[in-house]
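Below is one structure; the comments refer to it alone.
Going in written order, the chains are labelled A, B, C, D, E and F, and every chain counts its residues from 1.
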Amino acid sequence: MGTLTIGVFSSLIGSMNLDFAVKLSEAAADKGHNVNLWLSGNATILAQKGQKEFLDYSYLIEKIKSLQEKGVQVGACEACSEGRGIHAGDVIEDITFIGMDWYVAKAAKSDRVLHIGVE
Amino acid sequence: MKLGVFYSELRGNHDVLFRLKAEKLGIFLVSNGIYHAIIKEKGEPSPVLQKQGADYYVLSEDLQTRGFSTDEVDSNVKVVTYSDIADHIMNDYDKLAWL
Amino acid sequence: MSNKILFVVQRPPYKSENPKLAITHAMSCYTADMHIDEEVEPTLAYVGDGVLNCIKDQKAEEIYGIVSTDQHLKIQLTGDMKILVCKEDMERLGIQEERLVDGRDLGADMDLNVVTFEEILKEMDEGCDHLMFF
Amino acid sequence: MGTLTIGVFSSLIGSMNLDFAVKLSEAAADKGHNVNLWLSGNATILAQKGQKEFLDYSYLIEKIKSLQEKGVQVGACEACSEGRGIHAGDVIEDITFIGMDWYVAKAAKSDRVLHIGVE
Amino acid sequence: MKLGVFYSELRGNHDVLFRLKAEKLGIFLVSNGIYHAIIKEKGEPSPVLQKQGADYYVLSEDLQTRGFSTDEVDSNVKVVTYSDIADHIMNDYDKLAWL
Amino acid sequence: MSNKILFVVQRPPYKSENPKLAITHAMSCYTADMHIDEEVEPTLAYVGDGVLNCIKDQKAEEIYGIVSTDQHLKIQLTGDMKILVCKEDMERLGIQEERLVDGRDLGADMDLNVVTFEEILKEMDEGCDHLMFF
C-alpha cells in the first residue's frame, strides 16, 4: 500500500474539484492507502465550522469526518483561512490548521501527489 | 516518466498538453473535461483526444452527472470509476499533473 | 409596468456555481415585488457552451448529493418561466433536441424554446431592461 | 445622477473581479451616482467579519466601510453565505443579509446593471 | 441597444462575443482581458480586437498592475481609468454584459 | 537525500490566487524539514500563458494594495530559488527577455533562467520527484 497526497485549491461550492478530491481520497483510503488531503486557497472554506446543508450546494463536512475516521489526514492553510476570516477556533476538529510547509513535506514523502492547483 | 494528466475543463489553452512528452502518458477526463470524450464540435472530435500514444480515460460519475452515458463516449476513451482512478494513479503512473 | 431582466448563461454547468445561480436569481424575480411593489419578469437564455446546462437526466443528486441543473430547469418550466436555448450552439455541439430537459416530466405545460441566436439577440435588444450574463 | 447596481460572484482573494467591483463602485459613488453592490456566490466571503490583513491578499473590508459612508448599499446573499458557514451574526455591520430578490429588485429599478457572473 | 461588454479573461470561448450585435458596441478590456490590447500572439493582434465597428477600451490600472504601459497598447484601443469607465457606462451604454 | 518538487505555472497572474500560491508553496519547501527531517528542494517553472507572471514592474501594490507577483519572484531569486521560464512561450507571446523580472534589483546573484520547453520537460522527467501544476 502506498501514500497519496492530494492538494486542492478550489472553492467548496460550485467548483466540483473539491468534491472530486474528497471522493478520490475516499476511494484510495478504502483500498488501504494512506491519504493526506490539503486545503488551500478557496478550498479552506471547507474547514470552517457551521456550514449549512442545502440541496443545491456541495456539503462535504460529513464526508470529511468520515475520511478522518478512515485515517485520512486533513490539513488547511492557516494564512489562506485567516485572509478569509476563518481563524483557529472556527476550524472543524481534527483538521490540522497549519502552514504550507506541512503540505510540501507530506507531498515529498508520498508515493503519489495529485495537486489540483486551479479554481 | 509515467505521467498521468487530469483534464477538468472544456475550454482553455490546450497548448501545454499538446507539448507534453512522457514514456507513458495517461489522460484522465474529469469534471467538465468529460465533454472532450463526448462532444464532436462541428462534427470533429476534440483536439484534446489527438495526443498520439496516450491512454484516455473518462470518469463515469462525471459523465452521468452531466447527463451522458457510457455508450456515447469516443471509442478511444475508456470509462473508469473513482475506484479505477485510485488504482491507476497508485499503480501505473509515477507523476501526476492536473492541467 | 413590468421590469424585465434577461439572464444569459454561456458557460457549462458544474464547473462553477454561477450557471446555477443564474436559475436561482431568475426565480427570485417572482418575489422581487416584496422590495419594490413592481413586478420583475425573468427570461433565461442559454447560448454558447451554456446549452450544455439543458441536457436531461443529469445525475448530480445521486452521485454528488446536489440538485442537478436539469431538475432546476424543470421546476422553472412548471412555473412557466420563459427559457430560450440557442439552436446554432446545439447544432455546433451536436446536441439533438430530444436530449434537452423535458418540463412535461413534472407536468409543465411549457418546453424549452429552441430559437436562433438572432432571436436571443432580439430578446437582449427589445425584450429586456437589463442583462445578466453568467 | 443615475443609479448603478453591481452584482459580483467572484471570490474575495485572487480573482480581481471583486476588487474591480469595489473600485468601480467607489468611482461611481464619487461622481454622485447611487450605487448598490450585491455579493453572491464566493463573493459572500467578503461579508464575513474578522478577515485578517495580509500584504499578499486583497483586503477589502475597509473599502466596504468607506463605500457605505459614501451611501453605497451593500447586500450579501444569505443562502450563499450559510452554505459556506457564514451566518447573520458573522456578517459585517450594515451589510444587508438577504435573499436574491433584493438584488433583482434593486437591479430592476436601476439605470445601469453590471452583473459580474463569473469566478 | 447601446451595449457595453466587459472582457476579463485571456482565454476562453470568444464565440458569443463574435456573434453579438448592437447599434453601439463598446468593449472594455479589464483584469486579464487587458492582454488582448497588448499581446500579439505569433505576431497577430488578438481576435477579440477584430469586432467591426466596436469601440475598444482598456483599463489603465489593470495594464499597470500586470507590468504594461499605455504606449504598448494597440492603436485601436483607448486607455481609460475607473473614473472614465464610470462615465462611459452611465452615459454611453444602456445595457452592460460581463462576458 | 533531497526531495524535489517542480512547481509549474501555466496560467497568467491575478485572475485567481493560484499562480501566487505556486510561489508561496515553493518557498515553504525551505521549512518543510520541520516536519520530516529531510530537505525539500523546489524549482519553479513558467510555461504557456504562465510566462506573463514574470513581467517586471507590476504595480499591484500601488493600485490594489497587494504584493505584486514580480516582487515575489525577485524575493525568491535573492533566496537562490531556481526559476525557469519557457523560451518558446515568450516568443509566441512576443515578450522580450528584457521585460522579465530582474533579481539583481534586490541584489540577487541569480536571474530567471529562460530555457526551452524541452529543458522544462527534462526537469519534469529527471529533475523532480513530484509535480504541482498551477
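Definition applied: a contact is a pair of C-beta atoms (placed from the backbone, for glycine too) under 8 Å apart; a residue touches a chain by one contact, two chains touch by 3 or more.
Treat the numbers as computed from the prediction; the structure is a model and nothing was measured.
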Neighbouring chains shared between chain A and chain F, ordered by label: B, D
Proportion of interface numbers common to chain A and chain D (over half same, under half different): same
Rotation, 0 to 180 degrees and nearest 5, that superposes chain B on copy chain E via CA atoms: 180
Maximum centroid distance from chain C, chain identifier (CA atoms): F
Contact-richer chain pair (by C-beta pairs counted) among B-F and E-F: E-F
Chain located farthest away, centre of chain B as origin (C-alpha): D
Chain B and chain D, separation of their C-alpha mean positions in angstrom: 38
CA centroid of chain A to CA centroid of chain C, Å: 33
Chain centre separation in whole Å, for chain E relative to chain C (CA means): 27
Multi-partner residues of chain B (at least 2 other chains): 8-9, 11, 13, 31, 61, 65, 96-98
Junction residues of chain A - those touching two or more other chains: 11, 13-16, 41-42, 56-57, 59, 79-80, 113, 115, 117-119
Where chain C touches two or more other chains, by residue: 14-18, 24, 49, 64, 130-131, 133
Chain-chain contacts as defined at top: A-B, A-C, A-D, A-F, B-C, B-E, B-F, C-D, C-E, D-E, D-F, E-F
Residues of chain C that touch chain B when the two form their complex: 12-15, 49, 52, 55-60, 62-64, 68, 70, 92-94, 99
Touch list for chain A against partner chain F, complex: 7, 9, 40-42, 79-80, 99-110, 113, 115, 117-119
Sites on chain E touched by chain B in the complex: 11-13
Sites on chain A touched by chain B in the complex: 2, 4, 16-17, 20, 23-24, 26-28, 30-31, 33, 111-118
Residues on chain F engaged by chain B in the complex (per definition of touch): 8, 10, 47-49, 117, 121, 124-125, 128, 130-131, 133
